[in-house]
């Protein structure tokens, strides 16, 4: 039975349609809903709704659910609709009336947001770690494998570059990405609890206290804004994630091209490549092609969330439910791509011989022009002099 | 073991990453890959690669796989990578050398496309049927429930309209949507078989024959175009699907508003609505909100496919694999939304009393102007005369 | 003065904001609004609202406006708001009362749609011609410049291909694109006239007659559907256009790579390339990079239209105005890119020597396997035999 | 003549195509390119490339260009291609050889980025100011016009709310938006100068010095990262802008609905509304419909930039040029929408009578349940008790 149900039967097909895969996605939130519920219970204790022993019982059972979930023994069923109902049903079954009491002074609306933000904060922290690992892997690759290599503009050899410059570009970018993660985290680090369905609760509750229990940096004051920021905050998270994916997309695009036998600057180990069912000679960089493509997938998650929430009036709308999947998938996608790129960089070989051979004379045309500048030419004149010479060849 | 594997070990993490959820999605293709393989085997018989009895054995076993899959007993494993490997492994296990022979004159590339297009053609046919059912449901609703109701422009009462006009608009649109489905179907109704990995096979094979076996309208001639159309054809399918979803989005937006107690023109049965965990009085149109939101989800699938395939050189690229999920999910999404809207329309009530009460005088201002036109006024002057009168009130 | 204005002053800033650049975009519609108005006037004559001599005067002045516009002498001003007001004001100034009479039995809503669809039909016809020219240019290039060249999968040499196969792939695709253009054209080839603001007119008017005057294939029956299809029809046009752009994107991506000195299969004439302000040696394929990038621009137009119209109730909403710019820009973009690609293909050189040199042995591995198949091997065994040999090298 | 041109003629059609509307967009950058050039010249003085008097002459002429541009007397021509060439041509014409000397130690690539970032920083500052004005306008509206009004969830009356809560939600959100603007600004506040075409210059130049002259917070170290961040940084700017637009979209959606006569909570002044060409009674909220729709337009700008830069190798690609239009248009769009919403809020009326009348009993159902909680019921039981009572009515 759902939290809102009693004496009201829902058409089975409608129920299946409205629940969708939400009960499966919510498996990710069980832990965080329990944590948030413990914080909420402590607040209820503080204002006298719960006694000490009631709080203890609730806390114990909620921690028990966390343990069960970790072991795969707390499964949300379609009939439960979501993790919140599943948890409340479990509590009521175990603790009777007390299980019902925990819903005092909250709504499923602020409950969802509480669990979701705790989940997101945790994921962002993890992604930050993965990004740091990639950053330091790139730096050590830059040091270890440094060698001259051609620099390109317009997909044409342009000027002398180096493997170190290449890897360093992504390391510095990863560092900026981490700042974006932190800034997304700062945005969502606001406790929604106490906003109920967007219009507060008639009980006077200490929202700051709950926020502190859950380590939120502050309370999100306006209860309607809490609802209005659903999907909106996620948009900024997804922007940070797609910025990371853009870098992995570019790294992959570079590596796919520069590991072609025609270039051969880089080499992927055999066991990272796949073959063809018809061409016995193939050694394909599938892993890089998929990372490349996943930038587009990530963009579609970002765009999905940002479009779902368009043209809706203030307050909760059920449309918000559909923002869960793209945010959860987006967070997972970035984690898995970051960790696979760490593996790639760790195992990437530089063919110094091939890089050296590729350092052909046209790469040094600008340098030649600068030599003329030192001899007193204006840069424009030096440029045209070198250009004329090149055209003669 | 994969089709292309021997003496080559793939890194486990890389394998897991590259396979992704493809082996799960491919469950949808098992049936169609078997059908395509039977057609291909018949062609191999025709050109003498297979004997009669070999063809028979293969055909029998492929049909057996179809049956197993229907009963949920043919499960593709992550190590199989995809349905094609799973099927070939099964055939080889059952039929020995013969199982390997079926891969003659094809590549996984044209095999994937063959199965995928048969699947898509079938889904489009089904969706067409659902769209027809909705069209006729709308028409009968228009007949049955007709009643005057206000027509709106700019979300403001504009002119007299009717429930019949409202439902009829969507019926006529559904009819145009069906034409788009047919046109998408005509585009993909081209046999890719024989194009192998995009560069044909050195054996001389009768591609027309295979196409005929599989009821494809024609052969897609240029083997490279076959690969280049991957994702591209799907883009046009997804456009047709998002056009359908746009209509369902608008129907839902209308119904959400016009079933507000403030309007009360329409009414959803109680068992189609859900309640709130905190507000005992609520009767929420969740089903409509979700259909509305699923237009944005569909757009993201369309955009995802169209973006994944950008900036790629000709020929197969592994990026294409990721176009499977959005197309499969998109087809499923439309089917489920169409069928739920049939249910909604079947059960939708019109409150004729409320509609009648809403037919207030300002709706008839244009009619008044036209009456003056009949008395000899130019329309512009009539318009301004009526406007002045209204401003006096 | 606007059509709807009298005794009502609009705030200047609001006016500037709401008109936006619409009056500039509408310059494209002047001709078509005049054509549609002539058709409408003929209908008004038929039902007796206009006399013969009135019709003649209106027709003459409307044709005069078309001529003025062609010479750049009919400029819509911001205060006019759009072409419809500009034209009606001009008529009233010239013809007095008669100029006002033409607005009988229509609204600006069906007027906009009438002009827009005539414009779009004309543009689609032109784009079809451009696509045909490119198709035949590709075919003649395929004949003229044919030569072996490597075929790629996964951005890796795969099997023998040819310049003819490459160009032929795009020619065949262009042919399918033309079908998509025709199907988009068939969808919009429905006369909106007589639907007024979405709820018809109280006069009984022969809509079939007007449709025939304007060469529309049929009347769009349901007046509300006429409004609801605004933006929706454009979505299908934009899908056809982005399918064309996808092909140009792939052609460009191929040419950018295969004209790198590292490949050198193709060569762009010098006067098609640009240089660098700092690197004297550069010869950059900017034209191709921009065509490539314009696929993303086109996608954004498509997505823009499809998103603007989400979550809106039935009937006209001002939001629709903003769909004009992306559709107009999209049509122009495709025309200019098609015509520039015709120029590129006309001037593209194939370096047969470089192509030949690139036909290295690994491209023939599959052929080797097929030779073994002819000797009795199953394809799988032949494949593995060849693979082992390759690994020994 | 372009910076890179000499003895090389470009095909006229190709030139027109590649320049596109870039020379028009660049008009926005003239001022900032001059400022950046002055900073660059000071650096050249510091390292001895320019003498004191040369620096003075250059500085004077660059400031002169800024003045000319302000008066509309510095127009970039199509043949100039962009502002950088136009400015250098002007300098050379006025100062001869000295005009050429300023291009020493830079490329057009870092020059574009320098001007662009200074422009963006300035625009972001302005947008921040507009957002602050809207925030304080909302706060004063909340204070002035406060009154009870119904709160909605699922587009259904839910619980008691107030005009103050409604306006306060957007004020608090605007405050968070300002943080996003600041964080986007912090990201781009890195000097690109000295990175040249992505591979540095062979002269040893003090990049920190130039950065300081231009008030950049720091130097972007890795020269390749400078190029790779083109479009990427703009993605984060556009995310901040679309977050603002999302709020304006929601405000507009609310106001469109709540100013319908059926609700009548809010009222727009007459001179903010437009009429209909056929319906004399209409008073349409066009300004709000357009602000609503512009969220979708903004999303398409964001998506356009993020898609253009997908699947490109490291280093400059001409594709980047096309990111200029969406970023410039996006910045302008937000400014104009913010300023129009300030005007709207300033002039918005609250119909307190209508709001009061709308406070119907079902809005107080939750409060009733809480009263029962205070009497000792668990919230769940109280909830079901109230629900049963409501169902009896």
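First chain written, first letter: the chains are A, B, C and D, and each begins at residue 1.
Everything below uses one rule, namely that contacts are C-beta pairs under 8 Å (C-beta built on N, C-alpha and C of every residue); 3 or more make two chains touch, one makes a residue touch a chain.
Worth saying up front: this structure is predicted, and the values here are computed from it rather than measured.
Q: List every chain that touches both chain A and chain D.
A: Touching chain A and chain D alike, sorted by label: B, C.
Q: When I count C-beta pairs in contact, which pair ends up with more: A-C or B-C?
A: B-C
Q: Where among B-C, B-D or C-D does the A-D interface show up again, with more than half of the contact pairs the same?
A: The A-D interface is reproduced by B-C.
Q: Let me have the rounded angstrom distance from the C-alpha centre of chain A over to the C-alpha centre of chain B, please.
A: Once rounded, the distance between the two centres reads 29 Å.
Q: Compute the distance, rounded to whole Å, between the mean C-alpha positions of chain A and chain C.
A: Averaging C-alpha atoms per chain gives centres 36 Å apart.
Q: What whole-number Å value describes the gap between the mean CA coordinates of chain B and chain C?
A: Between these chains, centre-to-centre, one finds 24 Å.
Q: Would you give the residues of chain C that are in contact with at least 2 other chains, written as numbers and ranges?
A: Answer for chain C, listing residues that touch two or more other chains: 3, 103, 109, 153-155, 158-159, 197, 257, 275-279, 282, 284, 286, 289, 292, 296, 299, 303, 307, 310-312, 317-318, 366, 384, 387.
Q: Write out the stretch or stretches of chain A touching chain B in their complex.
A: 2-5, 8-11, 13-14, 17-18, 20, 84, 103, 106-109, 196-197, 269-272, 274-279, 282, 284, 286-287, 289-290, 292-294, 296-297, 299-301, 303-304, 307-308, 310, 317-319, 321-322, 326, 336, 339-340, 343
Q: Please give the residue numbers of chain A that touch chain D in the complex, ascending.
A: It comes out as residues 3, 6-7, 92, 97, 100-101, 103-105, 109, 151-155, 158-161, 165-166, 168-173, 176, 179-180, 183, 186-187, 196-199, 201-203, 220-225, 227-229, 232, 235-236, 239, 242-243, 246-247, 249-250, 253-254, 257, 292, 295-296, 299, 302-303, 306-307, 309-318, 366-367, 370, 373, 378-381, 384, 387-388, 391.
Q: Can you check the complex and tell me which residues of chain A touch chain C?
A: For chain A paired with chain C, touching residues are 153-159, 256-257, 260-263, 275-286, 289, 303, 307, 310-312, 362, 365-366, 368-369, 383-384, 386-387, 390.
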